[in-house]
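Each of the two complexes below includes subunit A, the first together with subunit B, the second together with subunit C.
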Partner chain A sequence: MPGDVKVVERPRAESSYVRAAAKGMSITMRHLLSPNKKTQQYPDEKWELAPRTRGTHRMAVHEDGRAKCVACGLCPTVCPVNCIKLVPAEDESGERYAAIYEIDEFRCIFCGYCQEVCPVEAIHLGVHYENAEYSRERWVYDLERLVEQEHDVTALWDPQDPASQ
Partner chain B sequence: MNPVTGGAFVLATVGKVILFFSVLMLAVMLATIFERKVCGFMQDRSGPNRVGPWGLLQVIADGLKNLLKEETMPAQAVRPFFLLAPVLGILPATILFAVIPFASPLPTQWGLVEMIVADVPIGFLYVLAIGSIGVYGVAMGGWASGSKYSLLGGLRGSAQMVSYEVALALSLVPLILLTGDVRAPEIVSMQQTFTAGPATYATWFMFPLLVGLFFFFVSGLAETNRLPFDLPEAEAELITGYHTEYSAMKFSMFMIGEFAHVITVAALVTVFFLGGWDIPFWQGDNIRVLSDGTVIGEPTWWKTLLTLGAFGVKTSLLVLVFVWIRWTLPRFRYDQLMDLGWKFMLEAVTVYILVIAFVILGIEAVGIPAGGWYAFVLFLVNLALAGVLFFAMDRGTLIRGGAKGAKPAGGDAGEGQGG
Partner chain C sequence: MAENGAKATVTLEIDGVEVTVPSGTRVIEAAEHVGVVVPRYCYHPGIPTRPAQCRMCLVEVEGRPKLEPSCTLQAADDMVVNTASDTARTARQSVIEFLLVNHPLDCPICDAAGQCMLQDYAYVTNQLESRVDEPKRIMGRDRISDDILYFADRCVICTRCVRFMRDVAEDDSLIVAQRGDKAYIDTFPGRELDNPFQGNIVDVCPVGALVHEDFVFKARSWDMDAAASVCPGCPTGCNVTIDTKENQIVRVKPRHNAAVNSWWMCDYGRKHLVMTNRGVRAELPLIRAGGGDGDGGELRPVDWATALDWVAEKIGTLGAPGGSAVVSPDASNENLFYLRTLLDRLGVGDADFRVPQGETAELPTVPTLKLRADRAANAIGAGFFGGRSVDGPPNGSAGGALVVLDDELEGAGEDFGASADFFLYLGTRLPGAARNADAVLPIATFAEMDGTFTNFEGRVQRFHQALRPPGLARPAWMVLSRVLARLGDGEAVDDVRGAFERMAAQAPAFAGLTWDGIGLKGAPAAGSAAEAAGVAGSAEAGA
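Take a look at the complex of A and B:
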């Protein structure tokens, strides 16, 4: 025995090989016969997502279909990974709008700061995660695509417990 | 009705070879899906269920995938042996099947066709001889890959298979003592009841040779390289050991070989200890072909089918036990494995042979004729021996890796556990 390793003399019942093996075999056989399988048949059965799940972004729109974004520039500023690209513009009536608004979902860490900081509640994270694509370019969502998203938007706090108490 | 001879015999044999080889390969395919289903169920999963009904076509998808994948060969591999190893892995398991009787003889208009590919007079000695060849596939695959892990796997495999070969062979000696014959069909007949002809034991040998069954089964597990004896593969330590460097169909052949081996060992246990194709509690299927060609019993085609079914059921149940053990018990440590093989199994089997030999001598001195009572006395002796075996093993004194009486520092690295 190298060094001062203490060898514990275990009681007979504990060092029983046959009984332990038999117990293990009975456990596996019980699970084999039990009809209660835990597998979720994924594409057929989907996850039930929590209302505060933070996933794919979505842009809120006015009733006439324009994006609510006023191109204030807060979200690209607060974004910790710099995944939002915003080029502001002004229309004839002097209202600011986003000429280019792109979110790189590949880069995004889904922290939710953009939604938190937005003064007009335009950009939101969404309760949605199935956004696989065949090319990297497709992961950059432009304004049009952000508006098109139809999933639920993320709740930033629990309405019953807004202060998280 | 006499057994077939001449041209009909050749034709029948060719037919049986083709038929049984296809059946074996089909069984291997089903065994892979069966194993994955069973292990899934044991872990509360549902197993493969996407391809075809209940995932049954998964095997075909896997086979196609393996055929289409890239065959790789390491630069340092020894080409001829690297290519030969998978063949040697698959060969013994398949040709072992030649001496296994599947069903009662089938009467045809040309004569009686025995449902065994080759009824060789050396019977299960052939099994032991061919079974030993299995080690070449493992050792050669490990060595020819030119990889350290593969080499270790191959070395472990050869050491383990050679060690348990001994116990495997010896555990069948009591069977010879009892039957006085090594032909597989004769062993099956010996487990059935007949009113005419030479005396038989009228009960499956699992009763009079209970402990022998245990030893044979454990050695068989070690021979097939499956858990708890899968040291040659040992994913965690050896990255699947001897077939690390194999890909695509060559890898697949090792897998097919392993499953064929499992099925073969299950079939052998069935023949030697579970009455072969005998249907329990029914005397109508007891058909015996004596060596001079006389047939006892009435063979019909539907009896052949029924007995084939009985054989299939018994073999499948044993395969289930194999899978069940694999997904339950952890792997032995290497020194424990060797200890179990050389310091326990070998001695225990030898003692068992002696005890059975003396009991048989005693029974014959008392004058009990071969038959039910003879088997019953042996069964009682075996129960007592099984009790002793259980007591000895259960106290954890036989298969632990050291502790009590272990050498101080400098001894084996793994000592001190188990005690």
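Take a look at the complex of A and C:
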């Protein structure tokens, strides 16, 4: 044993845990009874998201259930990470439509350019965050899946103040 | 102006720049000499008639009370033209506003978007809003011929298509029906649009009103890559641009060359060019090296180094010189040159080629542009390199070496090449007649490589790579130069310049030509009809 270990005597009032424990319990009790509780009971309670939250996509549809997309090719062109695949085709009535429309949500950075560039307001980002999947393939949303989504669509800008001034 | 002196040139001022042009030049063309492109719809340099009806090219000329259409206005001495004055710009903006009154603005689904003169001019004139409250008239679309669609709502009634058919093709099959905002393009009552050159009306259309049916909704203009090429359909060698998307040809458009095809090409050429690059292709080198040494066994796929080593070794051990060869008249000059070098080494004389025949078609006002009966891109070039035109099925019964370059061997029997000592097949495809081959080397089509063709009058024209070759297929000049290099003859070339340089140094017909000197407009081969006729070659390329 080293010879010069200094042993400091501490008064009992300082070294007792009783007072500190009582203080901690009082804080706990105060928070337990406080009306400003922060803990959220997810998934029973869900977070309320801002209207401009940018989450996974959703495709708008016509009244008859057809996707509004006209397969113009602007979203794959503007997409900075190339996560949109589009193959245009002609339907029986000679209209242009998307024969294949797939968004890889894993690759997507949720910039919202696709929604901004869409001339027919078909593709939208969504106010949505619950995206757990069992496989990576499920993260590639095809047109059918995009149409099925039911969450709110993102408001990229405030209609009252489109330039954010 | 009253005096009628035969002055060769006139000097005028356009947008503050003085320019001297040949007398008789229109102001719209003179403006291009100073780099000013006056907006235009009805004017097209290849169509002789200028109705000045679109009112888009109006320019201000000092001393004249009203704006003048520059497409019909002859340049004159001391004329001071202002193409961008406030008056001229306002007039242009008004024209655009009128054109947009009934235009559907369906740019997102229009095939011309991105290459549309209405889009461009609406943008530059800053015509953003419409003052019209009335609903737009809707006319829908029509099939104007068996392969061309007409979207009437998009049409600006410039009548380029009508005038191309009437004044260039001399076929009065198209008319403007109705008047005013109800006007549309239609076939003349009781007539059909059925002309071998009708595809050009799609190319002259400044907007997306006329679209080839096989291009509808295929590709946006910004998705496509373009490559300058030459049509291989017939010996005319029309200069074309190949538009590709994701390694597929989606469109073929004529490229201007005053000495060959002017601004046009025929419909056969468009279809033929696409078809030659479709279908199942040979993608891997195959050699018949048995389990032991020598012949026998199945053709089996190997890598290029193994295949080339094996082929060179077999050629090196061949006995007496002699043999035969079948070549395709669609092969490029470089391919034929390297093949000839190899054939000379093997002691093979004439290389047989067969030229399929087809119907001819002429464009009356452009004498150099014809769909010629010979359906081969480079029969003249094949002639330069010891080719011999033959009829009937290919002859593959001789002994010695047998080399086939990209001929599909139609009509060849089951035993084609069976008695040859060594049967080398270089092809883009693998026809049944190649079953007896000792080695099959996959090669690229003309659209998958750089090279040159020699057209009917001896004009050597460059074409450039538009597609990636499938699998391990490579240009034949690249392959053959490697076979020769292994035999101690020259070096392996990777660049078409190297191949062309060697050809120019060794083949008298190409003496003096260089890859860069040929340019995109072509140059006559030595001793050819084109040279004798003094056809404007590289001199015209800069114009």
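The working rule: the second predicted complex is superposed on the first by the 128 of 165 C-alpha atoms of A that agree within 3 Å, B and C clash if a C-alpha of one lies under 4 Å from a C-alpha of the other, contacts with A are read in each partner's own complex, and residues count from 1 in each chain.
To be clear about the criterion, a residue touches a chain if its C-beta (ideal position, glycine included) is under 8 Å from a C-beta of that chain, and two chains touch if they have at least 3 such contacts.
Nothing here was measured: the structure is a model prediction, and the numbers come from that model.
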Margin query: Per the contact definition in the header, classify A:88: touching subunit B only (first), subunit C only (second), both, or neither.
Written below: second
Next item on the list: Figure out whether A:21 sits in contact with subunit B (first) or subunit C (second), or with both, or with neither.
Entry: first
Check: Taking the superposition as given, does A:150 touch the first partner, subunit B, the second, subunit C, both, or neither?
Finding: neither
Check: Now for A:161: first (subunit B), second (subunit C), both, or neither, which partner does it touch?
Finding: neither
Check: Does the superposition put A:119 against subunit B (first), subunit C (second), both, or neither?
Finding: second
Note to self: If we overlay the two complexes on their shared chain A, which of subunit B and subunit C does A:72 touch? Say first, second, both or neither.
What the structure shows: second
Check: Given the touch rule stated above, what does A:38 touch, subunit B (first), subunit C (second), both, or neither?
Finding: first
Item checked: Dominant contact partner of subunit A by residue count, subunit C or subunit B -> B
Notebook entry, point to check: Where on subunit A do the contacts from subunit B and from subunit C line up?
Noted result: none
Check: Quick one: in the complex, what on subunit A touches subunit C?
Finding: 70-74, 77, 88-90, 94, 96, 119-120
Checklist line | Parts of subunit C lying in touch with subunit A, wherever the complex brings them together | finding: 107-109, 141, 216-218, 220, 222-223
Item checked: subunit A to subunit B touching residues, read off their complex -> 1-3, 5, 7-10, 12, 15-19, 21, 24-25, 27-29, 31-34, 36-39, 41
Notebook entry, point to check: What residues on subunit B touch subunit A, complex-wise?
Noted result: 38, 40-46, 49, 324-325, 327-329, 390, 393-396, 399-400, 403, 406, 408-409, 415-416, 418-419
